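You will see chain A twice below: alongside chain B first, and alongside chain C after that.
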Partner chain A sequence: MPFLRILFVRLLTTAITLAGVAVIVFFVIRVVPGNPIAMMLPPGATEEDIARLSALYGLDKPMITQFGIWIAGVMQGDFGTSITTRQPVLNLVLGRLPATLELSIMALVMAMILGGAAALTGTRFRGGRTEGAIDVANGMALSVPDFLWGLVLILLFGVLMPVFHISGRVTPSLDLPFTTNFYLFESLIRLRFDLWADLVAHMFMPALALAIPLAAIIGQLLKQSLKETMNLDYVTLARTKGYGETRVILREALRNAALPTLTLVGVQFTFLIGGTVIIERLFSYEGLGNMAIDAVINRDLPLIQGIVILFAVIFTGVNLIVDLLYTVLNPRLRHG
Partner chain B sequence: MAEAKAIDGRSLVRRRAGLRLWLSASWLGLLCLVALFAPWIAPKDPLAQDLFLGRLPPFWMPGAEPGYLLGTDSLGRDVLSRIVHGARVALAVALIAGTITCLIGATLGLLAGFLRGWVDMIISRMIDIWMAFPPVLFSILLIAVLGPGLVSIIIAIVVIDWTRFARVVRAEAMAQGAMDYVASARVAGRGRPGTMVREILPNVLPTIVVLLTLEMGIAVIVEAILSFVNLSISTDDPTWGGMISEGRTSVHQAWWVLVFPLVTLFLTVLAFSQLGEGLKDRFDPVLR
Partner chain C sequence: MSFLSIRNLSVRLKKGQPLLRRVSLDVSAGEVRGLVGESGAGKSMIGKAVLGILPPSIEVTEGEILLDGVDLLRLPPALRRKRIGALAALIPQDPLTALNPSHRIGPQITDRLVDILGWTRANADARARELLSEVQIPDPDRVLRSYPHELSGGMRQRILIASAFAAEPKLIVADEPTTALDVTVQKQILKLIAGMQTRHGTALLFVTHDLGVVSKVCQKLSVLYAGMVVEDTSVADFFAAPRHAYSAALLAATPKYTDPAAGLQPVPEAVIAAVQAEVAAFDRRAAHG
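Entry: the complex of A and B
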């Protein structure tokens, strides 16, 4: 059973990777100067207060012991208690995760629409000025990272033509009837389109900033494989049947050209999720990344650990799923 | 001359690539000059504050002061002079961090791809682990550990970005290692280290140069991001990222504090990346 073997090997390497991430983040952040306990106590606190609170958080034990306790907890789903907010790390992190997921998925959808449109247009008018213009735009979009696109968007749609909100996730004065933190999704289910529109107006720019570089990659790859597909016999056959060029591209070529692009989108999607950290900061969007930066600034060690592990789980998870999907979808690998 | 006609389409591509190469190289060259001679070029002292001259607009707008070409920030510091001095930090980070990252990453990639075996296994596992970290968060963490400052930024970039080189060079070295010329060099009596340095390295070098150019652009961005999160250099010292961070908060009152450093940063990052892409086309045997 080659598929089961691939699955086993991939699960094993994923476990090793996650263990490596856990070790590195735990020991790296313990080198951080500045006692987190001293930072959370009022200025008048005595040495004894600091010692007592350190003991409470287990920070007085040897590092190896601390690591053992932490890992044992993580195995049981207990990520410790945040030092600044005194709440369980897991609750805090899971509370913010939906915001980041919604942002990432919205960005992914935007990237696929933009990139797909660029590739299809470029293929339809290949060899001409239109394709040249699309190539130049693609090159630009690819050269400049999400952080700079975010700033450019703030200037364009936040200042020059203020049509979108430049900070936050939702207008604070609005009444939120939500029971989950998947605001965007829940507002649709509850048919609260007013709230949905407000959420989108907040998400639009950060999502677009994240989407632009990925859209360029999708556009480039898809166009390339579309153009290759357009020279295959079965496409020529479809043409001789008298179908128009647009129909041939959409109905015949796209189906076969999409697979190689899709596998690459998976890996690139993890880069996009990594980009949410700074983009959320830039747009004051209340997601995981923004919380992560605050956690670093406040030296909230358990919280930093939890967030980094969660990101690593997401990254390795996405890669795992894409790899396995590719094995399933690609018959050559399946019987290999 | 039929052959010349046949490659006409390619020469068009090459000409466009050539233009791109020259434009980006000139911008970066100009920037190097500006950085080198910053104290003589900058019209004002980049640190001099004058609260009476706060948020002056650029020269073409009403209310501008002569001598402050691109206006001033909220503390009355000259925007142009700060951009000029900021070029020093940006280029220093790009050159130093880029080069060290390249040396370490390419060496590890070459070793992994050529030697294979347990060396490859260890390096590949490390790459996997590194790829599971969100890079921006990783760099912010490292700066928190190392403390702010130019050296910390460079270390953070090297520690995080070596995988960019290692991944690509490893794959290239593996592909090269399987070729006939490597086997014949071994038959001719070259040892393994000799084969790696004399035979494989020259063939991987174009890729390394392209990656290095791209990495320099990334280094500039990382510095800007870290200044933006307020973790880079002391907030007084002029850096593009620091200026952008300040401009972001006052964008509705004084857009120029954000726009000018942003445009400079944008062009610089674009130039590094276009230089890399242009070089890639130059090196590509299919296009050549």
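Entry: the complex of A and C
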């Protein structure tokens, strides 16, 4: 059963990766200058005040001891208390996670639709002007990073033609009936399409900014792969059966061509999630990334640790899903 | 009236070198025509032109391909595809690459029936099962549910043969259908194709390197050199007395028919020079209009 074996190996490597991340983040943020306690207290606080507060948060102990205490807590699901907000890190982080997940998945869907459409159109009209135009557009999309796309979009659809909201996750005056923080998802479940539309209008630009570079990568890779697949024998055989070009692309080539693209999309999707940190800041979107920047500015050590660990969990989780998806989509691996 | 009639077909690399030089050949209903010639002579190119799958880098410069009386080259692309799909089929060379790895076998046999010819799925499935028994595949139901990688090369070639006969085409192009297979399997597959062809009365354009195969399954033969038909004859006449020097050399080069003890003889240089001169003369005439 390769499926179970892959799952087991991946879970093991995931555990090792996460342990490594925990060690690195813990010590790195303590080596970097900046004392969280000093930043909390008003100017003119005495050394004594600082020492007392430090002791309260356990920051006076040797680093190794601090690490031991923290890890022991993490093992039991206790990620400590945020220094700035005095709330449990786990609650804060899990409270923001849905916003970032929804944004990332929306961006991924947009990237797949845009990139897929570009690849299919380019393949359908390969060798002509249309393909050339798509290649140029892809190149442009790739040569500009996501946050600059964010600025461009703000100028276009926030300032010139203000059709989308440029900041926040939802209009603050709205009454939200939600029980979870997966607003977008829940608004659909509750059939509250008014709220859904408001959420999308907020999410559209940050998601698109994140999606554009990934769409270009998907477009290029998938088109390349489709064009190669279109020359294979089984595609030629399908042509002799009477299928038209579009049918042949969709029916014979797409699935096989998508497989090699898929793994890379997985890796690129983790970059996209990394991109949310700056994009969320740019659009004042209340997600994990925005919280991460605040945490770093305030030197909120437990919160930084929690966020970084969570990001690491997401990254490895995405890679795991991609690997499993690959085995599911590829019949040769499933039965091998 | 021949079912397939190719008239003066010339094909070249776009703005480049000619690949087929005024090729003419006929295949009557139910007849088997062999197509022989050395590697690169253009045998597959003829098959591709008939089936409408010439690569985009290649263009037809003159000629007609009449399939059941209608010139395929004059039809708009969509109609041409439909006509080819309904009347003709291909048995490809390499069974390992000619089946789609991510579709099950069943749909790969029935797709044309359902999507192009409008059969019901139930009828198409019944037809697929019947065809698999006809090509002597045990346990057809299991095979129809399998993916290509789960089956052997010989098995896959049987499936491709079944699939080619699925819509009862009037013409099948078989492009070296056994060269990619094990020697032991080659004979069985050849027998299978010949048997199916006879039973269904299908016209067959059979591309091969092997004159032994020609003597067993073909009635007519075209010998090709550099995209030029140098001899168009009945198989009986060919083996009795080939008319063209190149054909004669080809026959002599196949040791089984002259001296089984001898190794493979190269075609003599003088013969090559003569036939190349013919090709050059043809190109000169073509250049002067």
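Just a few scattered comments:
Convention: the second predicted complex is superposed on the first by the 299 of 336 C-alpha atoms of A that agree within 3 Å, B and C clash if a C-alpha of one lies under 4 Å from a C-alpha of the other, contacts with A are read in each partner's own complex, and residues count from 1 in each chain.
By our rule, a residue touches a chain if its C-beta (ideal position, glycine included) is under 8 Å from a C-beta of that chain, and two chains touch if they have at least 3 such contacts.
Quick caveat, the model's predicted, so the values are computed rather than measured.
In the superposition on chain A, contact is made by A:244 with chain C only, not with chain B.
Looking at the shared chain after the overlay, A:312 reaches chain B, while chain C stays out of its contact range.
Counted by residues of chain A touched, the larger count belongs to B, out of chain B and chain C. In the superposition on chain A, A:275 contacts chain B only, with no contact to chain C.
When the shared chain is aligned, chain B comes close enough to touch A:17, but chain C does not.
By the document's definition of touching, of the two partners only chain C reaches A:234; chain B does not. Applying the stated touch rule to the two superposed structures, the chain B and chain C interfaces on chain A have no residue in common. Across the complex, chain A is touched by residues 125-126, 128-129, 131-137, 140-142, 144-145, 147, 217-218, 221, 224-225, 228-229, 244, 248, 251-252, 255, 258-259, 262, 265-266, 269-270, 273-274, 277 of chain B. Those residues of chain C whose C-beta lies close enough to touch chain A in the complex are 51-53, 56, 78, 81-82, 84-86, 88-90, 92-94, 97-102, 111-112, 115-116, 147, 149-150, 160.
Partner chain C is touched in their complex by these residues of chain A: 127, 232-234, 236-244, 247, 252, 255-256, 329-332, 335.
Residues 13, 16-18, 20-21, 24-25, 28-29, 31-33, 139-140, 142-145, 147-148, 151-152, 154-155, 158-159, 270, 273-275, 277-278, 281-282, 289, 292-293, 296-297, 299, 304, 307-308, 311-312, 315-316 of chain A touch chain B in their complex.
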